[in-house]
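Please see the structure below; I have some questions.
The chains carry the letters A, B, C and D, assigned in the order they are written, with residues numbered from 1 in each.
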Amino acid sequence: MNIYDFLIMRHELVLVISALSLLIIDLALKPESKRHIIPIAVVLFALNAIIGYLPTPAGILFGGMYQSTPLVIMMKNVLNTGVLIILLQSYGWLTKEENKEKIAEFFILMFTTLIGMYFMLSAGDFLMFYLGLETASIPLAALAAYQHHRTKSAEAGIKFILSSAFSSGILLFGLSFIYGTTGSIMFSDVVFNISDAPLQVLAIIFFISGMAFKISLVPFHLWTADVYEGAPTNITSYFSVISKGAASFMLMLILFKVFSPVIHVWQDILYALSVATMVVGNLFALRQKNMKRFLAFSSIAQAGFILLGIMVGSQLGMTSVIYFILVYIFSNLGAFGVVSVIENRTGKLSMDDYNGLYHTNPKLTLLMMLAVFSLAGIPPVAGFFGKFFLFTAAASAGLYWLVFIAVLNATISLYYYLLVVKAMFINKNETPIEPFKSDMVTRAGLLLSAAGIFILGFWSQVYEWINNLSVGIF
Amino acid sequence: MNILTLFVIIPVVTAFAIGFSKNMKQTRVVAAVGMGLQLLLSAYLVYAYLTERAAGNVAEMLFMYDALWFESLNIHYLVGVDGISVAMIGLTSIVVFAGIFASWEVEYLSREFFISLILLATGVYGFFISLDLFTMFLFYEVAVIPMYLLIGIWGSGPKEYSAMKLTLMLMGGSALLMVGLLGIYFYSAPDGAPLTWNLLEISKNTIPVEMQRFLFPFTFIGFGILGALFPFHTWSPDGHASAPTAVSMLHAGVLMKLGGYGAFRVAIFLMPDAAQEQAWIFLLLTATSVLYGAFGAIFQKDLKYINAYSSVSHCGLVLFAILMMNQTALNGAIIQMISHGLMTALFFALIGMIYGRTHTRMINEMGGLMKVMPFLSVVYVIAGLASLGLPGLSGFVAEMTIFVGAFQHTDAFHRTLTIAATASIVVTAVYILRVVGALLLGPIKNDHFNHLKDARWFERISTVTLVVAIAAIGMAPLWLSNMINVSLQPIVTKLSTATSTFVSLF
Amino acid sequence: MTGNIPLEYFLVLSTLMFFTGIFGFLTRRNLITMLMSIELILNAVNINFVAFNHYLYPNQLQGHFFTLIIIAVAAAEAAVAIAIIINIYRSFKSIEVDKVNQMKN
Amino acid sequence: MPMNAYSYTLLILLIPLFSFLLIGLTGHKYKPIISGLIGTAGLLIVAVLSYMTAIKYFWTDHVEGTAYTSFKAFETTWLHLTDNLTINLGVLLDPISVMMLVVVSTVSLMVHIYSLGYMKGEKGFARFFAFLSLFSFSMLGLVLATNIFQMYIFWELVGVSSFLLIGFYYDKPSAVSASKKAFIVTRFADLGFLIGILMLSFTTQTFDFQTLVSSDGPALTHTGGAVFMGLSAMTWALTFIFIGGAGKSAMFPLHIWLPDAMEGPTPVSALIHAATMVVAGVYLVARLFPIYSIVAPDALTIVAWVGGLSSLFAAIIACTQNDIKRVLAYSTMSQIGYMMLALGVSGYGGHDGLGFMAGNFHLFTHAMFKALLFLGAGAIIHSVHSNDMREMGNLRKYLPITHITFLIGCITIAGIPPLSGFFSKDEILVAALHHNIYLFAIEFLVAGLTAFYMFRLYFNVFWGKERHYHHTPHESPLVMTIPLMVLAFGAIFAGFLPFSELVTSDGLPFEAHINYAVAVPSVLIALVGITVAFLMYRRTSAAPDKVASALGGFYRGAYHKFYIDEVYLFVTHKIIFRYISQPVAWFDRHIVDGTMNLIGNTIEKSSYLIKGFQSGKVQQYGYVFISGTILLVIIFVYLW
């Protein structure tokens, strides 16, 4: 094990270094000059994001506990992109007076969670996986409770930490049985000893429900709405895209790598979960007036779609899932970006406040429209392609009826997405939100997501790139 | 640059240009110029197509252009036209051109209005030129969505409700469609061979019959919903009633044709066996909607509702003819699409213009308009006569081709339905004359009508364009029907390969 | 030393602990107590791991390691949780779980 | 005979079309009278061309003793339907089409000239002449049709031009409804025609008349075919086609539109609803006559009986009407009944074809005298400004020319020799007698009735006692009286045309001579009718009312046209409108649309139903969580 081996885990290393350095810098800075942290952090992260794309040898460390494959690296890069956008978008919010004391914490915590996710993604055994999972979720709780003066924020924090601890308890209970029945926690060993013996199926179900909590699948989703609403908007967007995305990747990896022999079991389980998730998520989203809760439920419904790709268990499925999540990152961040910008300026969160937005802030409105259309899967924006490929994947496994249910749900979801468009374009409003201009950085963040929504669909090379790196189980 | 791609590029460019226009005047001028170009281009396309054919080019599709898009899924940007698509493109250009002028005086958010209108047109053009199922579906949905904003923002009456209903029902249709298309894709090639979205490739291969049985209803109904297939037509009356003039024109005139076109280009063409087996169900449905729409129209009082129901009847006839699945009937179906597109667009244009003057669409509140606005009234009468199938106007050609074609079937089932369908020409006459009588003739009901002005210049452009087209087809239909006939050959041959036989009720 | 106690006993014990923890989590009104119930769940898991390791796979240590890690993580979790609970107490003047119920539906 | 010798006949079609377009598009630009002159001039040329054609066809180009051939002067493909079936447009020349050519162009020309005076000062003068030209174009196209589909095309066109002309006074509600009625009733009949065409063309795989009627053609050689309800396919086809003819020719029970059609300007009634369009049905049957008589005799029987009954029915009603135009309308219906019957009782070839000849003969003469009568009535109305004969009387001293010509018309229609009506009607009676005694009886009776109601009209208008008119009636200008005289001339001498040598079922001439056994009684009964009318109406007396009350219910029934209109009204409004259309509309709104809305609402509702799950309590979340897990375990571990 020489020094170069550490290059294999460069994502994590760079992040650890940046987190620590931020900590130190933060100590050095005086309160009034703390906001200089932001550029430094952003630059550091951008650095990380770029380094992520440099070519590198895939490899295995710590006797297989940590393994980095091109696929995983690609997943990390996808997540990096999202996080970068989030950082840009949260500039306006961070520079507010209330936050100036704890800007550094924001970055440090966020980087830490990211480190956790990366370790989780590169995990070679359940131990590393569990470590990563917890490293990812515990700081998230702190982030959710970031605005300690807002009771809602604290409530979000406690709700998240309790439920996540609960869920990881159940997940671990499943893992313990897997260990008991297979005699190993190494993925490479488990895969040979796994079968559909009752105890193992039970273990798998416990495991899946633990992961389902992170991806917020019905019926393990109930925390989502409250936490999303309570947490600061930018954190919410982090929850909704990055942590959900990482969890889905992980679920997919483990199902494909470890539980591939029993695909017939988990395919049915995911089938049930995905139908439930799509339907319930949509039904809840229908009547939400608070934009954050609305997006929370819509993202639950989206998770249902993600399962379509996962349960196929083939290269096509994996590609479509990764591609969809990439698209979903951009679309959701577009929507959340607009919500957060407006919240920071006016503190308004209700859909009714958006009435007549187009007449005062056309650019934001257009971005919002693009975003919701992309979420609804309307061409020519990227969301359409993402959804279409997911459906293609599902159909490739012959799950036509599931596809049908899914598309019907997409239609239902279109209804409430159109409600937003309706509010912004059609509804009249005596006191519309005043016209305003955000700062450059935030604008850059919004622009980036808009560009993603627009280009990603037509830019087929992205899809092919993902496809070449994706591996199926068959 | 491939000529067909221009059909997508010009509108997009126009939309962008409109985005930069300063005021209403610039906006509409830009729109008019852009769509005028489009009209010329399609005229040229017709000419180029005919010369190509005359030069002995017997390829199934002309002006093909193929670009690989998503390699791993074998998705291409593949375009090409045959006589049928050329005809539909021509129709689209005419209607859009007329639509621009019909909405010359949209003041509220005029820029956005024209942009969405033209984007809708883009979708339609793209749909008609695509030979790749994926691209086709993409453009299909592109065409459907701007509808929501167009109706929701610029509409009248219960516009939010109608817009939402229309959008959701059409999207529900594309839900069915999605399943159908994916199924077709995964059986597009014999085992081992690479799958393809390419319409022509798929048509060379035979989809397993049991899969066809499963997929055909999805595909046909999916398209049928947009083609106002009974009982999935109810988006149409409300939608049309609430939509602004130009949108009703485009929607009834062109967008509903996507349904018929797709139903026969995709559903019938690729799955002839299932089509043969299940035709009887849909024949019953369509025959119903032919009469049902006509009878429904008799009772309506709102001009737009009357026209919406007559559209249900006429589009029902289109699907009816498609399901007859012989060359003549198919030919008639295409001509009927064009003819109905033109005349219903003309109707909606006139209704919009009349409404803009009288501020009512209730026929019992109007009367004697012939005196005050002779031009509009005469054009209305012409449209009416076209709609009830008067010789010399397009409607007659289409209907007669359909009836004669449909009657060539030897079995009682087809013929009984045909005769039932022919009965619609009487009912049509009834409601058309009812409207003409109540609306244009008779004494003037309302004094302030006396001060109303006749058509302005742009309205004249809009209506005359359509009237000329209608009359041209009606007087000299031969070239059109020949153009279509040639292109129908491969489809008919494909249909004749169907192994399974028609299931007749009696 | 534990040689004459069969594995099943440990499993029964752990399962009991597991469900006790869940029961506690679902029923206790006090946030701290809920946290403790979660600890119960985790410890049930720990027992599982150690027992399996000891009885079935004596010649390896994965289970033991896992247990240690779980304990450590549980501690960290508890730390953050309690920090938040203090925060909760500040804002709600109570650590009754039902009071923490601003956001619903 | 060379085709190109006749290709100029295409002009006969094109000239009226051209003048229609010219007047229609530019008519509003210049003085109305100009458009009138354009139309008239066009028709004049057409008339000249038609006479040329007739003379060329019947005499100069015809080799003595040979059959009159039928040939196409011009033909082009209009629409290509199937491999066998193409719709052509062209000009077909044979005895009947040439004869019709003469009839149409003559009457149309007269009406054009007449209208120059009659319509003077009307607003919409140009429009009127545009429509007249359109009608002439369509009618000529119908006459010269080379195939049954071309005939259908122009059939529809004459229908619409009659619709436009009936509704000429479009601000008069009665006119509007009359035009609607005319169009829809005929449209309904045309549906029958269309279905007939579909059947015929399917069985024979051709539209072309020559192919259809050629002795070795698919139609005549067609035997039996699919039998439905005991009748062969051909019989059905031809019956349906006859429905179309019956509709246009106002045969019972599709006649109801004709009386109302009198709402149109009188020249229109003369042209369309007396001389030309209404005989289209007869012409249609005559066109397909060989098929009728050889392949589908049953259909021909139907034709005969429908004709006979209609003529009786109409004659009875005509005796009771007071509106002079309506009287004429019913008499038209009755006369057309004659023609139909004549065709119906006729055989094919040689002297059996007497009825065929007679039918066309009567068509010819009737066109003359009925146009004359209508134009005369127009002159009367023009001067009195009323249609009601009860408001007229003793007009002979005000309108001498009209009086004389009208009298000629009456005598002709009554069938008094040597005027033309006598000859044609006599031939019909002879044919009927040979074929079917009952029909003969009916027609015999009708002959008497005809004489009666015509002279009732005559005496009422021109004799009787003086009424006071708001301004003294004056004779019409020359432009109106000249056509009267011309037509009177025609009415007198048309009878001497040797029809039996010109227009026969097989084109070969045959010997036709007066059959005194029939002629004498028919003349006598006509005289009887005249005398009765004279006694009753020479002076106004109580006699008519006495007779009316004596007849009682029957009279009332006849006076109300036997309530046929009411029946139609009931069927359309009560049945179709209320019991089909209204339910359909309701069904669409509440069932079909309701289902869609229901789906939407259910989804909305259910989203509120399940909102309880999101209670905001962590423990409940955990509860749902664990129960979800356990549910999965139960399903997938135990049940699977």
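By definition in this document, a residue touches a chain if its C-beta (ideal position, glycine included) is under 8 Å from a C-beta of that chain, and two chains touch if they have at least 3 such contacts.
Small disclaimer: the values here were computed from a predicted structure and weren't measured.
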item	value
Labels of chains that are neighbours to subunit C and to subunit D	A
Longest centre-to-centre distance from subunit D, chain (CA-based)	C
Rounded Å distance, subunit B centre to subunit C centre (Cα mean)	65
Subunit A and subunit D, separation of their C-alpha mean positions in angstrom	78
Centroid spacing, where centroids are CA-atom means, of subunit A and subunit B in whole angstrom	43
Rounded Å distance, subunit A centre to subunit C centre (Cα mean)	27
Per-residue multi-chain contacts in subunit A, two or more chains	158-159, 162, 166, 170, 225-226
Subunit C: positions in contact with at least two other chains	22, 25, 34, 100-104
Overlap residues in subunit D, where contacts from two or more other chains coincide	611, 614, 616, 618, 622, 626
Touch relationships between chains, expressed as pairs	A-B, A-C, A-D, B-D, C-D
Residue ranges of subunit C in contact with subunit A within the complex	14, 18, 21-22, 25, 31, 34-35, 38, 41-42, 44-45, 48-49, 52-53, 56-57, 60, 62-63, 65-66, 69-70, 73, 76-77, 80-81, 83-85, 87-88, 90-92, 100-104
Residues of subunit A defined as touching subunit C within the complex	125-127, 130-131, 134, 138-139, 141-142, 145, 148-149, 151-152, 154-159, 161-162, 165-166, 169-170, 172-173, 175-177, 179-180, 183-186, 225-226, 229-230, 293
Touching residues on subunit D, where the partner in the complex is subunit A	603-604, 606-608, 610-611, 613-614, 616, 618, 620-622, 624-629, 632-633, 635-637, 640
In the complex with subunit D, residue positions of subunit B that touch it	165, 168-169, 231, 233-235, 237-238, 292, 295-296, 298-300, 327-328, 368, 370-371, 385, 388-392, 396-397, 400-401, 403-405, 407-408, 418-419, 422-423, 425-426, 429-430, 433-434, 437, 440-443, 477-478, 481-482, 485
Sites on subunit D touched by subunit C in the complex	611, 614-619, 622-623, 626
